[in-house]
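The following pair of complexes shares a single chain, chain A, combined with chain B in the former and chain C in the latter.
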Partner chain A sequence: MRTYAMNEITLMQYILLVHGAQVGTGILSLPRQLAETSGTDGWMCIIIAWAINCLAGTLMLLSARKYPDFTIIDLFNYLFGKWFGKLLIFPLICYFGFFGIDIMTNTMLYIKAWFLPKTPEYVIILLFAIPSFLIVRNGLRIQARYVVLSFFMMLWMPFFLLFSMDSWNVLHLLPLFKEGWGPVIQGVPKTIFAYTGIEVVFFIYPFLQKKQYAIHGFLIGNSLTMLYYLYVTLVSFLFFTPDGITSVNQPVLSLLKNIEFRFLERFDMIFLSLYLFVVSKCWMIFIYCTVYSTSRLLNKQDHTSHAALYFLLAIAVIYVVKPTWNIADEWQTTLSYLGTVVLYVLPVGLYLYIRGFERFHRVKTR
Partner chain B sequence: MRFFDKKSAATDQPHNQAEEDRPIHQALAQNIEEVKRSFPAAPDLTIFQFDTAPHGTPGALVFLDGLSDKNSLNSHILRPLMYGTQEVQKDISLPTISGCRILTTWSDVENAILQGESLLFLDGQQEVTAYDTKGWPQRGIEDPQLESSLKGGHQGFVETGMQNISLIRRYIPNLNLRISEQKIGRRGKTNVWILYLEDIAHPEVLQELETRLSKVDVDAVINTGELAEFIEDNPFSPFPQFIMTERPDSAASQLLAGRFVVIVDRSPSVIIAPATFTSFLQSVDDYSTRWLVTSFIRLLRFIALFIALLLPATYIAFISYNYEVIPIQLFLSVAESRARVPFPPLIEALMMEIMIEMMREAGIRLPAPVGQTIGIVGGIVVGQAAVQAGIVSNIMVIVVASTAIASFIFPSYDMGTAVRLLRFPMMLMASLFGIVGIVIGCMTLVGHLVALESLGTPYGSPLAPLRLVDMKDTFVRLPLWTMFRRPTSTRPIQKIRMRRERPRGDQR
Partner chain C sequence: MRKILPLLLSLTLISFTTGCMDRIIIEEVSLALLVGIDLDEKNNLVLSISSPVFSEEAKVKEEVYITKAYTLRESREEVDKTFLALTTGGKTQAVLIGKRVMEHQGWFKLLEPFLRDAKNTVNARIVMVDGIAHQIITLQPKDKPRLSLYLAKLIDKDNLRNMNVKITLEDLRRDNYENGITASVTELRKDGKILVTGTALLDELGRYKLSIGPDENKLLHILQNNIKGEFSFTFRDANRPKGEIFPDDAYSFSAGSISVKTKTGYQDDKFTFDIAVDMRVALTERFFPLDILKEGDKLEREMEREFEKRFKKFIGKIQAAKIDPIGLGIHARAYQYDHYKPVQNKWGEALSKADVNVKVKTVITSMGTTK
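Let's look at the complex of A and B:
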């Protein structure tokens, strides 16, 4: 069953793959969304959501651990039978594919708004598709290498926000629990889109070299994301006034706009364009999971043609739909709902099913 | 029985050569006729007939004139054969020469003559003695031009493979230095030697290299570069996938790092494999200079990499798309110098870059005394005059000059040219999409580098996959005694290369 011996990934690659799949464009507007529902207590939502996600991911890995050499497709085949399994896995693959397009669309909208207002949407997607195709057509190991390299290359980015320290005001955060727990709990669903991405562990788990650390690795990756979000949200809350933050669309970018050097004005432009490296990690792993799964479903060894097809399809979709911010918002809301299902309902259901399935099997074999 | 004979002959030899497997004739005259028939229109073929001492058997010495060492031929073969020595073997007195073997078939005879050996035919004998008298015009050992070093040795490889092997053996007098030989090229029959250290180099990589070499089926391999192109992993990549060097010291140090050295006979440069991207930014001098200085120079090279790759593109992006990034003061002075220029930035940059590249290429062909003059003239034309004529802006000249200088910093010529070439697509992307175009270009490059392999080992190592141990010798070079492990990117089987003997703390 081990067809992926050549593509094993190390623990660090695994951690950063999980982390990379989570951090996308969500972070740019997350502080505003949190501030809208829960005021400056919003940062607590991130911690609560982190705890929930840790549980969900652990559950995913607990069910995957029983079948360490099975990818999600093999698992579904095994659990639900050949045809029913394929039928069940299909929506999940669609979700992944949709997610990939949505992240690219979001990024495209940012790039279009900040850099290339007159360039057609599909041309920007075509631009994204070139490097993505080069990487996605290779094995998971190459994705992992790319993720690790770009993670370390872009490690300076969060520290860059510290330049805004002069205008921080701690009073913005106080008092804690201004309006009790209510708003804090209400804000939690807003973080779902930002946290989605942990579902890739279903796909990458069988490739991990040291499977005994799978849960540890996942927890580290998820915590890394949590710290990252928490840091960025706190900085935004400290920088903007509690009322002001709701009036800007992407607080992080507006914050960056205020950072200026004598030799370089508008560093945020360079920052945002380099942020492409960070976001690309996210869409690439989703697209990889999609095309890898579809090619496995059709019993193909090589997923290059599927990757090419995917990007062509994405370009075509963007060409036809011509997404705007509103459409992207709709997509994002839809994905948040779907994400809730994939992130929380699917692991619980799968875990319970496997428990039942095993018991049933044991009875049968006895 | 006949059937079996036929079959074995067919498997041993390619079809049309089966005839050349004939045995040698008994009579001398017949043999001489045969040789003459095999080498028609060969004025350099010499057949010297004489009576051998002490019994006076008629014999003939056959050799190619320019390919044999006349001195040893005359005094160490002909003299004993004609005037006799104490030692007599098989009816003739023994020549005082070490390399000597017996040939029995005509194909061997022809090959031996072509390789520069001299052959002794004796009347009444069905075998031929071949004496090793190979000797051909050779160049002296010189400092390699392309990769001169300040502190390293000043010996470079030459065109004779055996001498190159001995140059490396001088650095590594160790039994574990293994050499495996292969012949490549149907006509050229080039000797190719793979050198490696048995207890360091990874056997899988060796197997990969050997299979790739054995799959090469060409007429002849004239140069190392040709061979490299036949065996590299990705022929469409702009990056060199093997290090090619003319320096024995760098070849030896790469051997010690667990890499393989492929020596190609008749070519002064050797292939070093597997290579990584960062190894092209390292030079032998790095290890003989003090480590702080070297670290500084290493960092300079990495900065130069970015300048050579991105500076013209950045200029184009900043001038034509993202001018809000530059501070207003700088922008005013740029605008002032660009006011007279009628071309869009891309055309301006392309013009200058192509001009510089042409000057560089012309510099190679021009004879040394003329070269300098032309360089100065070209420099003035490209610089001052072009600005005054209003064809390009001052800033552009600065950009082009810095780029040119930066692209010559790389110790490896191949990597330098790769970077110079990649600059043009970057400029195009910048002129089409501004900064985003550059970032997409970089992403494509990173994606390509991450996926690229050299002999099946990752090319991006130690950056991708990340190997923290190798970081001691990547962007900076830490003192040698801290690098007690061999670089992991070559997958050596013996990982530790030295003992940490340096006293630490209170031990001093």
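Let's look at the complex of A and C:
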């Protein structure tokens, strides 16, 4: 049964979808958060977390591989029965929906703080919502194309950080393992929010054309993210002094403020507005997964109305809540906890359940 | 319906994006290009702001406002009372701070709005004025371009020749939060016209400690391994007669490539820093006869001796003041972390007890076109 023929994605699109779902707003404050817990050894946390995430993602794909044409909704239906399955999948969909709003909110707060302090929150969200809706209402293939396009368009961005090279000092990184392994391990949970996004493989796996490369593709995508984070964190650590980096909220943005050209003094403004392309990939995938799932739950083929509803709801929520930095911070902490469950507990649980389930079935059919 | 939906939505989008609620018209903004901070005799804060006037009718192209205020942010409202337009700090070129302000602990707080408000720039040059800052801001030199641009250029140009440090607000913040280094800022003086006199060194709490001139500033840059631009020195050869009217003992050279290696150690309860400076120099001026082919190495040794003497004097100065503008603390943390950690909050004192040895090696690479 191949109901996704119209929306199959290539391996490249699959890799960039995974990568795109991971890289969002987390990266802007990641260096500071790592420095707070682990000092200058914080960058090592990124590598450790990467290894853990590779394992978690592989486990997700090993579970999904047994049922190659099932989306996670079909899978839950099959494994847990029609009603119980729906009941179990519901929190996961809420998580995805919440994640979408949270990334939009974070981005909105950046935009508000850096360019549009007087514009109301919901207007900025409305501006995000319109183009996002036009993409999200389409099938996964369109999402994938958007992700690939914006990935290649924005490929130059990391290189601009090199303009700060004049003020780098390698001595800031020394000595390695300043306080031993303890702080390095403690910093690992801080990276969870930045690394979340690999859970989308549950949703996009059935659409992949060449399923035999699913694990490879995932590992490439995840490694791409790791390199990206490692690079940005190292640049921030080299630029800011070990004692000073914790005094800035978003080291990456503060670093960009220092880059000046003869013809353009405030390059950070342009950078941040173009960075919207990168972040938008992230929220669009999460929102797509949400509305696709809800429409599947209600047995609807077209998810346009759900997408419209989602964005209207998002604007309404922002209008009512009027998020501040503190609220966004709380949301992010909550999502980090939920993310731990989705990223690590869920794959392990699901994998073990499927093993048991199959053995049980085999016994029954025998 | 499905076809016109994207069109309709795009139109909505366009109608919303025409500036949102934050549109700024350039004629209605006054850019605070120079900001001055002073303390008067009664220790009241005096703030001054200079901004360009975008009007054909105005004769003077700059408006200056001086006010007593509690904070910088508050002074902005005071200024808006008389200025043509609303003041913003997005393009500030330099912040001039009076010496009296810098002598007090905690003045760094005053720069808060620049660091907190994302719209403000962090690339403003920080300058200490030996005297009163608003006396410089109110100057309108006739033979120079706009004061703000002129000051910015002056500082950058002199920095290229390593006569003073160029410290932006971001640099100052980094130095301020870092235990292993103390801040240093450009120093200016008004003496009829504006003079860049060198660099002012601050202590760990940000208080002004001492001033160094262009010559010592070059040494500072070498020790920091901040080798950019031109390093030219004029020395006097101690072994030669002075000369009557015109000097007979002077020679000048510029260092082409300089390599600096700092070794950090810990012995007998104190830190030791062995700094090896390797220079390749080109002679630019010489007032006494010398056969470089035969006696070149004699001159090289003489240069080394003079350099080491100067380094020693400079280091003695900063050790006596218990400051570390070089950033040796960063080396200490990187290589002697176990010993550095207990003293990191009083690094200046630890450094004052440390052994700092500078070894210089020079090679004359060219004598110029005259033999």
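What we mean here is this: the second predicted complex is superposed on the first by the 366 of 366 C-alpha atoms of A that agree within 3 Å, B and C clash if a C-alpha of one lies under 4 Å from a C-alpha of the other, contacts with A are read in each partner's own complex, and residues count from 1 in each chain.
The criterion applied here is as follows: a contact is a pair of C-beta atoms (placed from the backbone, for glycine too) under 8 Å apart; a residue touches a chain by one contact, two chains touch by 3 or more.
What you see is a predicted model; the values in this text were computed from it and never measured.
Asker: So in the superposed three-chain picture, is A:148 touching just chain B, just chain C, both, or none of them (first/second/both/neither)?
Answerer: So A:148 only meets chain B here.
Asker: So, does A:254 touch the first partner chain B, the second partner chain C, both, or neither?
Answerer: second
Asker: In the overlay, answer first, second, both or neither for which of chain B and chain C A:130 touches.
Answerer: A:130 sits against chain B and chain C alike.
Asker: Please work out whether A:172 is in contact with chain B alone, chain C alone, both, or neither, and reply first, second, both or neither.
Answerer: Touch partner of A:172: chain C, not chain B.
Asker: For A:277, is the partner it touches chain B (first), chain C (second), both, or none of the two (neither)?
Answerer: first
Asker: Regarding the shared-chain residue A:266, is it in contact with chain B (first), chain C (second), both, or neither?
Answerer: Both chain B and chain C are touched by A:266.
Asker: On the A-aligned overlay, A:341 touches which partner chain: chain B = first, chain C = second, or both, or neither?
Answerer: Neither chain B nor chain C is touched by A:341.
Asker: Looking at A:120 after the superposition, I want to know if it touches chain B, chain C, both of them or none. Which is it: first, second, both, neither?
Answerer: second
Asker: Pick one for A:87: touches chain B only (first), chain C only (second), both, or neither.
Answerer: neither
Asker: Where on chain A do the contacts from chain B and from chain C line up?
Answerer: Shared contact residues on chain A (touching chain B in one complex, chain C in the other): 115-116, 119, 124, 127, 130-131, 134, 265-266.
Asker: Which stretch or stretches of chain C touch chain A in the complex?
Answerer: Counting only chain C, the residues touching chain A are 6, 9-10, 12-13, 16-17, 20-22, 90-91, 118-119, 121-123, 168, 170-171, 173-181, 330-331, 333-335, 337.
Asker: Under the definition above, what is the set of chain A residues touching chain C in their complex?
Answerer: 113-120, 123-124, 126-127, 130-131, 133-134, 167, 169, 171-175, 178, 240-244, 247, 253-254, 257-258, 260, 265-266
Asker: Once bound in the complex, which stretches of chain A touch chain B?
Answerer: 10, 12-13, 111, 115-116, 119, 124, 127-128, 130-132, 134-135, 138, 142, 144-146, 148-150, 152, 262-267, 269-270, 273-274, 276-277, 280
Asker: Residue numbers of chain B touching chain A in their complex, please.
Answerer: 321-322, 324-328, 330, 433-440, 443-444, 446-448, 450-451, 458, 460, 463-466
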